[in-house]
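You will see two complexes here that share chain A, one where it goes with chain B and one where it goes with chain C.
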Partner chain A sequence: MSGQEAPKKKVSDMKRLWGMSIDLDKCTGCGACQVACSQENNMPIFEDDSDLPKRVVFLDLMKVTNEMDKGAKFGDVKVAYLPKMCMQCAGNDPDNPYPPCVSVCPVVATDIGDDGVVSQIWSRCIGCRYCQASCPYEARVFHWWKPVYEGSFKEGLNPDVSVSSRGAVVKCTFCSHIWKRERDRMIAKGITDINAVQYTPSCVSSCPTGAMKFGDLKDPRSPVYEEKLRRDPRAVRLVHSIDELRDTNPAEYDRRMKIKQFPNPKVWYLTGSEWLRKKLSVFEKS
Partner chain B sequence: MEKLERREVIMMAGGALAGATVGTLFSGAPFLGLQWLVEWTQDQFVPAPGEEKYLQGRCLLCPSACALLVRMIGNRAVKVETANTGCYKPQLAIQMLYHPERIKNPLKRIGKKGSGKFAPVSWEEAIKDIAAKIDGLRSSGNATRIAAVSGSAAFASGEILKRLVRASGSPNVYSEPCLNTLSAAATRLTQGQSGSIYYDFENADFILSFGARLVEGWGDPGRMNKALVGWKERKARYVQIDTACTRSASMADRWVPVNAGTETVLALGIANQLIAMGRRSGGANFAQWSQIVINDYAPERVAEITGVGVDAIREIAREFASARNPIAVAGRGASAVSSSTVEFAAVQALNSLAGSLGRRGGVLLVDYAGLGEVAVNAAGARGLDDFIKNGAADLIFINEANPVHRSVYGKAFAEKLKKDTMVVALLPLLNDSAAYADYVLPTISPIEGEPVGPRFRAMHPVDALLAIAKAVKGLESAFPWTGRKDVFSLIGRQNVKAAGNFTFPVELFKAYLAEFSKKIGDKNYPLALLPIEAPMVGDGDGLALPYVLKGLDSVTLTGAKLWVMMNPETAKREGVSEGSRIDIESARGEIGSVKVHITKTIAPGAVAIPIGFGHEFYTRYAEDKGVNAKEIMSDDIDPISGAADWWFTRVKIS
Partner chain C sequence: MKNFIELLRNEWNSYSKNTQIALYVLFGLSALFVIFAIQILFWGLGYTDMNNNFAMGLWIIGDLGLVALGGGAFFTGFLLYILRVDKLNPLINSTVLLGFMCYLFTFILLVFDIGQPLRAWFGYAYPNWGPGLLPISMLTEVVWCLTLYFCVLCVELIPIPLKHKIMDNIPFFRYFGHYLHKLMWIMAAVGTFLSFFHQGSLGGGMWGVLYGKPVWFRPHYFFLAIVAATAGGTAFMMLIPKIAGKIMKKEVAPKETFMTLARISGVMFVFYLIFRLYDLYSLTVKYVPLADRSYADILGGYYGWWVVIAELLLCLVPIVVFNVAKLREREKYYMAGLIAGVSAISMSKVEAVLHGFSVPNFPWKGFTVYNPTIQEWFIFLGSLAIMTLVYMWFARYLPLFPHLHKGGHGDNKAHT
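Our next item is the complex of A and B:
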């Protein structure tokens, strides 16, 4: 730390750039992803988990409607479910990819890895909650209470994810412990090429309709190849409309890309519903 | 007054300080402080490590039996992997497996019935006592006073229990109403065949759903999820008729909003148009039935009752008639299904008019291989609700079911169980119905036994029931199997068959429609009560699992308060605003203190209420959360299925 600056990470140097796409037109809102996430990541069990301020989840299955739109009336309204987790932002500068939360963490409890995943180390967190305040997606949660697993619920805990203590901020890490598990498995087989290792986060592998897809944003063979997603008329990101401008208005695109800490999320949503696309892009009117 | 010396003041202060120090030391506060310090500085719990392995298994919650993998760490199951198949249910298996309130031993009642007080007994003692009760009833000629209720998901155990009760000489075997049982009753009447309705979703190209929330847990959810993806790929058209803006309605290519409880009338209106287009059915009584439809259900009148416009009715009829493989689907609801036989018949009539009955891409019948029928010389009640209302028993089995909470006759059933009846419940968790049991036999959760080893002294319900059957005198020959593996290999196989001839139940139609007109014009109760289901809660089973509670949003349940939904128009007329507390009253009674969420996703003139809440006994996680809407829902018993058609209830609020 003492005066010495860590070498800058660049997106172009990253060996992998994990990303996700979620086809909202295929999402029935069944809840499998949320439960699979909670089970994989040792979500605490409180006596009353319907108590919202106390609730800790990484993946929030949000119900969205267009009922607040002008002129909306019963018969025209729609509902959709939006699985929302940490968007694993890259920030606006590919040569210095810092998401808003990493920039503010005073103790390097959260950092961006060379796979593009924003990590979080529970036990290093001092609980200042700056990152939580800076997150545009409310994707981070704070443990106001000690996580309790009543009696035999402890038996179902995953040893790959540490149990957080009270007073720490926690978040989704794209189940990066599974990637580590897969890497270890490959290394045990003698395969050391990191690019040969694939993995799937818990939520994605549980989705019964295949609405969620996961892979390397830089890999043309991956289901979430970024160049392809950028051109997909159904693709939309939370805080996104900027993507559409790349072709239609390059100057405006550049201007917005330079806005300080533009989050540039790695989770893409796909939908053919016009109302939902509008709901997801807050920059629309500016 | 005596003057205080400085010395004395110092001594008093010193004494107080010493006292406070001693008091604090003995109060436990320093220890608590130390504990806090430990908690704040260290992680609390480290899951035990162990060797990782994956066990192959099958989800036995429905006939699809999807393959799954269970990730094991040592002997602990930590995750279920479904690899993008099936539905959400296997994901909850670990929570069920390690639920801290799992029943560990067979229990015998020690308190008053319904108090939920039990003491452990041995399996031997419980089985001996239950078998003796059956022996006693059989030898005294009262075998018909044995009854059994199985849950809709009880599959193999439901078959064994049915055989046990029938072989003992009683016809009183019931299943909690679900799509299969309700449609089977309708099939017996209209097609004279055994079997439930089987919609060929995989090959249909136009799906017209009458309030069946097809993608929200309806029917066999694993199959429906796959079918949905297929429709998108094949560009099959999905039209959802629904009283609320549900996810099914939004995922459909078209949503047809309809007034609450008027689906049957809309089906008749569409039939009217199909007949006008020259479509005919070869079914018996078609002439009489078509007269009713032609004379009384012209689009204009149907539009008035259902709220669906004349043009929309014509359009749907046209689309339905011109599709290659159209199917009309009945059975309202998602996990909880309620429908009248007349409604099934009205919707099947559309399939008959379109020529979809009994062919690929249309509507077929399905039978599940069972253990064979046992003849009984007595007639039982028509269905569970009919039994609760009119039947009587001295021994009642409750197998993976919760009729006290789930039936609209739940309170009446509780009264029945309280009487001089021996009640035997087979369940992994104590629920509202098991609280009235004399014996609670612990059963295993879905992934237990296979592939994960069983916990405690729990048994698979098939094994437990086999043990009871073997202890009853004179039933040996009816139960030649040694364990559940023998039984599993015999049952569950689907036998899809063509539907036979169709008979229009004209008299039933007339009676239903007369009753319907009376109900819809009720001025005392101006609002309709719409049942809706929250994700994963289903008809109430999910609430015991904390990860299900994590999925509830802030306008479903907050604290113990349940939220109902109302259109802004209705709210304005009734003088309520967002967050108001209201009571809801129907002709049957009142449920109290729910909060109002105002939303345009609900039809004007209606109150939408989530079902599955308001458990009295069902673990600390589910108890005392919200209210049970079934308590005030309509209790008209369908004359054919014997199940209450609770969907359409008129209410008022205060």
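Our next item is the complex of A and C:
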């Protein structure tokens, strides 16, 4: 510490709104992000990790393919890999801008900060899984088993992240512990403006192709400036086709953006492939 | 000790062969409930082999069903004590006991469902209440309303054992029971108020607020659940005493009582069906399209159309039977109406949970299939078995049906 008393800051002084973009055209599906995430966040390894529905990961590498689509014959089958973590929904209701999971938690174990990160207090969670039911992105996972760290794995545990107990719901927090660590480092240097702090989550820093970008959605200099992403024809957000309406039907887009029933995620995917963009955002209607 | 064993043996031998078989089954299920309860509470939910695809177990369907059907207690109490429908008086003790057990087991099942049972009290200590009077989380409201209403049911239940001939001979208990009984209308009013909220919350509001999920979201779900509880709950409050009467071969309550409640239930089922049809319509044209989905497509997989159609068809039976005097007076039709009514409301809860969890969240995923694990089955069935045993015990040893003890009708055979 510099010895000077830090001026009192209100929480509302936070000007950052953390977000992420993932370029699927650059993503090779190597899984480095998933491994880095698990290592960084002390994810346990279980005897049978092929048991996907029970596996505990914050970042799931999902395989997306047009294999089941009509007309996708041999040669036309396409595959993409989708790094999917907590979408850090912002909510869309101006009076009550909660992500779907936050307002349902009976014990305030999860909340959204003014930096846009949806938190999860593992020691507060009672494991009711109501947040898991409410999440449209399947981003929350339940710890079914007591975490076990085999052999020397225990020595590699990250001291900045608590080891989650059995029976709690866990999820990605954009590695907010790194942000807190960086913030402490800045304060130690005498810089008390929290808006001066930047950080990179472990999945982004481990990506070998630079497909993942992280930054402030409100900062025009940021690689994930929201206004720029909105104008990007390659940008798409999961499950909702609302972003497509912006150019095709601006009136409907404005109407939908004012409706509460849109989680408004802060993770954007970028792809030039038409099939993939359609696959990510549109449910085939009969 | 020897005398006690002799007493138990005599008691056991006094039961018919069929009752003894039924008791074997019920005790067996209760024992399995205890075994799996120990496993889950001590070693965790991992051993149930549940998974993140169907994160909530079979017991949540039981939970929602018990609350909805137990909700008949609040509605019957409201009719008797507030609206003064005195004809319902012979059924009120049974109603209170059923309500009490439904709520007790709702709590018990909720404790099984949470991953951290030792933190169950966090709901009271750190409620997600927000700054205003209305709670933010529906589950917070459920926990508080259930607790308070359960307290009300305890107060309503206490006078029943106090009316037992041994207790009644002790002046303190007699007066205590008497004055508690005098408070009943206040309890009924408080109970109605509390039950109104938690019926809505646990039955519908809990799912209706999940705005990220097109399969669940609709703002009126809260009120739909209240109507469901008044319709299905009243049918349940008739069905159980009716079965008890058949087993005991006695008329546990006057036929007029059953018919009065049947008429009310029939009207409530009409309201429920209209509301449910509006619900399906609004989902199809308004709420599901908001999430870029089609309701017809959501009704796929194993738990799609047939569940909704079965629910609607089952709903029609009590509507026809209870609202047509000729039909409801005939015992067979009347029983069919009761069973169909209870099944319809239970089916609506099955639809909410199974259907809700099986619908894919991503376009590249299919519908999820659900197979309840052995623990889920036996915790669920064991709960029902314990409730049945408690009800049987009350019916045999306590004045659960005052009509039986008033003489005259008590020894008569049940209406057939």
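Here is the rule we go by: the second predicted complex is superposed on the first by the 256 of 286 C-alpha atoms of A that agree within 3 Å, B and C clash if a C-alpha of one lies under 4 Å from a C-alpha of the other, contacts with A are read in each partner's own complex, and residues count from 1 in each chain.
Everything below uses one rule, namely that contacts are C-beta pairs under 8 Å (C-beta built on N, C-alpha and C of every residue); 3 or more make two chains touch, one makes a residue touch a chain.
These numbers come from a predicted model, not from an experiment.
In the overlay built on the shared chain, the residue A:Cys89 is in contact with chain C alone; chain B does not reach it.
Once the two complexes are laid over each other on the shared chain, residue contacts for A:Lys189 go to neither chain B nor chain C.
In the superposition on chain A, A:Gly31 makes contact with chain B only, not with chain C. When the two complexes are overlaid on their common chain A, residue A:Val141 makes contact with chain C while staying clear of chain B.
Contacts of A:Ala133 after superposition on the shared chain: chain C is touched, whereas chain B is not. In the overlay built on the shared chain, the residue A:Thr65 is in contact with chain B and with chain C. Contacts of A:Val108 after superposition: chain C is touched, whereas chain B is not reached.
By the touch criterion defined above, A:Cys125 reaches chain C but does not reach chain B. Judged by the touch definition given at the top, the superposed model places A:Lys73 against chain B, while chain C stays out of reach. The contact surfaces that chain B and chain C form on chain A in the two complexes overlap at residues 51, 62, 65, 146, 165-167. Residue ranges on chain B touching chain A, taken from their complex, read 39-50, 73, 76-88, 91-92, 94-95, 97-100, 102, 215-217, 221-222, 225-226, 228-229, 232, 245-247, 249-251, 255, 257, 535-536, 546-554, 556-559, 567, 599-604, 620-621, 625. Residues of chain A touching chain C in their complex: 51, 53-54, 62, 64-65, 68, 89, 100, 103-108, 124-130, 132-138, 141-146, 165-169, 238-242, 256, 259-263, 279-286. For chain A in complex with chain B, the residues that touch the partner chain are 25-26, 28-32, 34-36, 38-40, 42-43, 45-52, 55, 57, 61-63, 65, 67, 72-75, 77-81, 122-123, 146-147, 149-159, 162-167, 202, 205-210.
Taken together, the chain C residues at the contact with chain A in this complex read 44-46, 50-53, 55-56, 110, 113-116, 119-120, 122-123, 126-128, 136-140, 142-143, 206, 209-213, 217, 287, 290-294, 296-297, 356-357, 361-364.
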